[in-house]
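Both of the next two complexes hold subunit A, though its partner changes from subunit B to subunit C.
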Partner chain A sequence: MENVGALSLLLAFSVAIFALFSSIVGAWRKNLFLVAASQRAVYLVWLLITTASGLLLYGLIEGDYRLQYVALHANKAMPLMYKITAWWGGQEGSLLFWSWILSCYGAVVVFTNRKQYKTLMPWVIAVLMSTQIFFLILNNFVVPPFQVWAIGKGIIALPDGQGLNPLLQTPSMAIHPPMLYLGYVGFIVPFAFAIASLITKQPGDEWIHTTRRWTLVTWLFQSAGITLGMGWAYYVLGWGGYWAWDPVENASVLPWITATAFLHSVMMQEKKGMMKVWNMVLVSSTFFLCIFGTMLTRSGLVQSVHAFGISSIGNYFATFLAIGISATIWLILDRLDFLKSESHLESVVSRESSFLFNNLVLLASCFAVLWGTLFPVISEAVTGEKISVDAPFFNKVNIPIGLFLLFLTGVGPLVAWRRSSTESLKRNFLWPTISMFALMAGLFGAGIRNEYALLSFGLCLFVTVTILSEFVKGSMAIASKEGMNPLMATIELTHRNTRRYGGYLVHMGIVVMFIGFTGAAFNKDVIHEASLGQSFNIGRYELKVTDLKDGENDNHAWMKASVDVFVNGEKIDTLNPERRIYKASRQPASEVAIRRRLGEDLFLNFAAMATQGQGAVIQAYVFPLVGWIWVGFMGVLIGTLICLVPSKHKLSFPRTEVLATATGVVKGNQHAKA
Partner chain B sequence: MKPYMKFGLIIGIVVATLGWLAVGGVKETSTYYKTVAELKDMGDRAQGKRLRVGGDVVKGSIHRNGKEVSFHLVQAEPNTQPHLLKVTYTGSDPLPDTFRDDAQALADGHMNADGTFNANKIQAKCASKYEAKPGQIKPGSEPAYNTAKPSRS
Partner chain C sequence: MRKLKTVLLFGLLIGVSIAQNPMDFLSPEIKRVGMKLACLCGSCRNSVGDCTMIACGYAFPARQKIKQLQTMGASDQNIAGRFVKEQGKKALIEPETTGFGLLGWLMPGFAIALGLIALGVYIKRFRAPMPAPALPVPSEQLAEYEVTAAKQLDGMEK
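Here is the complex of A and B:
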């Protein structure tokens, strides 16, 4: 079994090398047979890696404890779902998972584009396969997943495995890594098309149109992955937060930042033919940051609470990055002539300039996060002392950046291309600005003194009003022209230009998330050692520990506290925070109890047994508005999905009108798109 | 060229502001990362600095006294005298689940005058997600459970 798995990985490696060379030679010599062969080879690579993955999964599910990977990451008592997720629970398996997703993307790209882009495709395959080869080198020779326990020449089987890390045995951790990987790995597709168009000196922006959906989908996966990770940290780690600026978290957010910058600046290229070099730089840095993030989590380069064990794997990644980055830089410099800008900036108050600033601050944020993450490495290299920076550093830099971005979110879509007149500025921003200051004054009156929180709430309202006014203006026009009711008109409006209005929805989701983030300024926490029957207070809640129960199942032993929650002397809820000890790994874990409400979450953690007598150390938190983060993400999700639906603008005009002003209408429409 | 001048100016202002914030942030929060042995070598120079010290928790040394938790950190390195450091934790957060005997812990805080360490934050590495160092469990040896020590990174 393990031999078949290892063999298919080895074969996949050879086939990937074949695919790389046959696509390059095929493109060079214009030999269609070789190009076709390389496409077939891509499918074969997928088939082989799928076989290997299937075998590893089979081992995990059936409990083949002769395999080291299985014994270290699964045990008999684990539920089936976590046996499956153990596939990406450890170094070897998760790298195999990476490889597998990459091969899936490869197969899908080749399948969907095999008839088009005849000149581009061989080079796309070449880029995909170079990366695939790199990961297959790791799978085959550095961290092979099919190692067996052996003494001398005999293979031994263990009676049971160690089990998956308890912290990973939760539903959101089961889907968080696949989401993040889909996002990380997926960015290779836009990158591959970009590189292919550079190599073949394509004149147009074909690669951008081709990869727009890919970019959006992978961006969505990354966002979902990051948000799930936050949700996981919030309810599993029990420290009562969702983001700690840990290097591994930073690694996941870095490519997301550049991808977001790319999504925006790419519009400049589509509409105005500007920033071509910049977009190349962004798409490449996103891809390399994805690889860098993978390296950061696996190499032990920086201290992190989440990182995988130390290994020599970092050197392989560093080599791959060095080669990839220098090749890309050389390619971009060599093709500068093909990336000339077609127009110029005309005014500081214009759509172009808002995109420019959006990119500037996103990149600044990306740089600050990268700098902070690598600070220990940099400082050790320069001064010989390892100095690290903490969450306050990241907050200090990123909160102003976030607020500035929020401001741009409101301003950007409403200023015109090229230049905006003072008149139109007044018309568009009068009410948003007034409502913003009104809210800030109101909140100040209500006793909120935190400047950032005030500004953030104000800006959230500012953006909300601008977005709403866009929807209202547009749908009113449609409603009166077509005689629809307002709701239908809004749907019609969104359908006519899904990119623009879907984008607004994404912005709206981000605004809601910002409201949730701002709530963190008002967090409260209390830690209390409570014996049975004793009560204590946090915020408006009175908490009373009424009971302690214990028990066990095959997988873990547990102890549960019953905590009654009172508000104004009235019992409103009972929460059951729990402590577990997983048997196979002998690791304790907390299962926090959260009373989730939109206004605020009450979060209880059973931190420890009381030091004397019957009782528990309960850590209670109140997190205002934290639920808005998850709600806001749903907005981002729905908005992005809407962006992916094709606009129906061809159907939205009567035929005669189109005939009369065909070019004008189409052009006008394109310019109207945000 | 005028718009470009304006752009340059605004970009300059934005970058300068962020740079200023970043420098301030680094100054405020920079923490010296030291191992137990390095901390002992620093002697008096360690006073008054924000420090993060890493080591292994000595088995059986964890004592809880109300909210205060004390334990010893040791630097596990062969061929050298083991250096012990007494750490008292007075922070408000409960200790992480992964914090227990033999775990690898990072303590943030400062040195007391008497040579003990006062920590306000403890991080511990979740042992099983960290795998054995390469070569630590050899494919030839039968792995007793939990011999896979958390590795150092």
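Here is the complex of A and C:
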């Protein structure tokens, strides 16, 4: 079995090289036979990597402990779901998973575009296959997943495996990495089309129209992956932190930020023919940040709880990045003439400017995160001494940037394309601004003194009023014109321009998530050693440990505390936090108990047994508004899905036409071209 | 044999639990100092003051040391200095505002300033020229333009 798996990967490597060269030579010599052969080769690469992946998965499920990877990441007692999860639980398997997703994307791209973009597609295949070859080099020669245990020349099988890291044995960890990988890998598609359009000197809007849905879907996958990761950290690590500014967490958010910037700035290119170079830079940065993030997770370059450990793999990634970035920069510089702006910015007070500021702030945030992540490495390289950069640094730098971004989210819809008059600004800003200050005054009166929290809540209302007014104005107009009820009119409005109103829903989701983040300013925590029957308080809750139980199954042994929850003397719930020790790895883990409510979560961790007598040490936390983060993500999800639905009316974006100049009347956009 | 294994496992679970009581050495005074120090256990990104990791081999001894130093009358700054002397600057949770650490704080602001300058240059370069004094346009041509403009404006905000 291991031989077939290894051979499949080796063949995939050879076929990918063939696909690369046949697509390039085919495009160069306009040889359709070679181009067609490269397309078939992409399907074959997918088939071969799927075969290898299937064999590894079979080994994990069936417990083939002759394979080192299986023995190190699975065991007999693990449930089936976690045996499958073990595919991406270790370095070798997860890189094979990366390769497999890439090959899937490659096959889908080639299949869906088999009858269109004849000049672009060979180069798209070339970019896809270059990346595929890089990952197949890793799969075949650096971290092969099909190595076996051997003594001398004899292959041996271990009786059982070590099992998956207990922290990874949770449902969210079964979904989080695939989502994140679908996001990471998917950004190669818009990048491949962008590069193909540069090579073929057609850097117009074609590649953007082609890849808009890909970018949105990929962005959604990555958003889902990041949020699931947050949910995992919140639930599994035992202290309720959903974001710790860990380098690997940061690595996942960096391409997400640049992709978000791209999704906004791409509208400038579609509507005005502007920012073409910038869009190329953003789509390339997003792809290379994905590769950089993968390197960060796997190379041991930075210390992280999520990393795979130190390995020499970082050198391969660094080489790939150096070659890829250099080639991309050269290509963009060489094609600058084809990337000229088609129109001008008519006013600083315009929607166009708000997009520029949005991009600036997003990129500033991206840089701040990247800088903070790499600063320990830089400081060690320059001064010989490592300087720690942890959450306080990131919070101090990124909270103001995030709040400014939230402000821009509200401002964007209030300013018109091209130019906004002072009168319209006054009219549009009046109610959102009044609402914002009224809420801030009210919250201040209610005793909230945290300035960031006040500002954040105020801005959240500012953006909400802005978005609601957009929906109300539009749907009222439709309701009166078409005689519909307000709900139907709102649906009709959204259907007429799904991209715009879906985008507003995404913004609303982000606002709701910000409300959840702001709740962290009011977190409470208590650690208490409680004997059986003894009570302690946190916030409005009284907690009483009533029982301790223990038990075991094939996978782990457990101790469970029963904690009754009282509010104003009335029992409202019983929570059962648990401590486990996994048999195969001898590693302890917590299974926290959470009472989830939209207002606040009560979060209990069974930290330890009491030092004296029967009892437990309970870590109790109250996390206000944390549930809003998950609800907000649902808004992002629904909004993005709406964006993907075609609008009822096909949109056209007329470019600016200059009617007259000082020297005379000019027809069309000759001025802009001049 | 199986029973013995189970007994040993529970012994381990209880032993691990009791040995790592996170209540140890976490008074508000210790937490105050601990919040300035990074937990260097390698498994988390917490501070010594708020690390609640099970089996944390760094935060607990660090808290113990903070308690000892506080008993001896050391100030918060002296305690942090003592950790820096022993572990290096990585013992602090964030860069100092002096020396190379200052660069860490300044660079994001510098990048934003650079971005604003770039934005200014972009706006200056791509801003449309100021409207020229009106020139007489033949009325039939103006009417043609108005029709085109009306069509485009109708299409834009659909």
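Keep this in mind: the second predicted complex is superposed on the first by the 648 of 674 C-alpha atoms of A that agree within 3 Å, B and C clash if a C-alpha of one lies under 4 Å from a C-alpha of the other, contacts with A are read in each partner's own complex, and residues count from 1 in each chain.
Here, a residue touches a chain if its C-beta (ideal position, glycine included) is under 8 Å from a C-beta of that chain, and two chains touch if they have at least 3 such contacts.
This one's a predicted model, so the numbers in the text were calculated from it and none came from an experiment.
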Partner chain(s) touched by A:147 [first = subunit B, second = subunit C, both, neither]: first
Partner chain in contact with A:383 - subunit B first, subunit C second, else both or neither: second
Subunit B versus subunit C as contact partner of A:21, first or second or both or neither: neither
First (subunit B), second (subunit C), both or neither touched by A:274: second
Subunit B versus subunit C as contact partner of A:165, first or second or both or neither: first
First (subunit B), second (subunit C), both or neither touched by A:559: second
Partner chain in contact with A:585 - subunit B first, subunit C second, else both or neither: first
Which of subunit B and subunit C A:312 touches, first, second, both or neither: first
Subunit B versus subunit C as contact partner of A:71, first or second or both or neither: first
Footprint overlap on subunit A, comparing subunit B with subunit C: 237-239, 303, 305, 345-346, 348, 353, 356-357, 360, 364, 368, 371, 375-376, 385-393, 396-397, 401, 527, 529, 586, 588-590, 605, 607-608, 611, 617, 619
Interfacial residue positions of subunit A with respect to subunit B in the complex: 68, 71-72, 89-91, 147-152, 156, 158, 162-168, 237-240, 300, 303-312, 345-348, 353, 356-357, 360-361, 364, 368, 371, 375-376, 385-394, 396-397, 400-401, 404, 525, 527, 529, 584-590, 605, 607-608, 611, 617, 619
Touch list for subunit C against partner subunit A, complex: 6, 9-10, 12-14, 16-18, 20-23, 26, 38, 40, 42-47, 50, 52-55, 88-96, 100-101, 104-105, 107-108, 111-112, 115-116, 119, 122-123, 126-129, 132-135, 137, 141, 145, 148, 152, 155-156, 158
Subunit C contact footprint on subunit A (complex, rising order): 237-239, 241, 244-246, 274, 303, 305, 341, 344-346, 348, 353, 356-357, 360, 363-364, 367-368, 371-372, 375-376, 379, 382-383, 385-393, 396-397, 401, 417, 496-497, 527-529, 550, 552, 557, 559, 579, 581, 583, 586, 588-590, 605, 607-609, 611, 617, 619, 649, 651-654, 656-662, 664-665
Residues of subunit B that touch subunit A when the two form their complex: 3-4, 6-7, 10-11, 14-15, 17-18, 21-22, 24-26, 28-34, 52, 54, 64-67, 92-98, 100, 106, 123-134, 139-143, 145-146, 148, 151-153
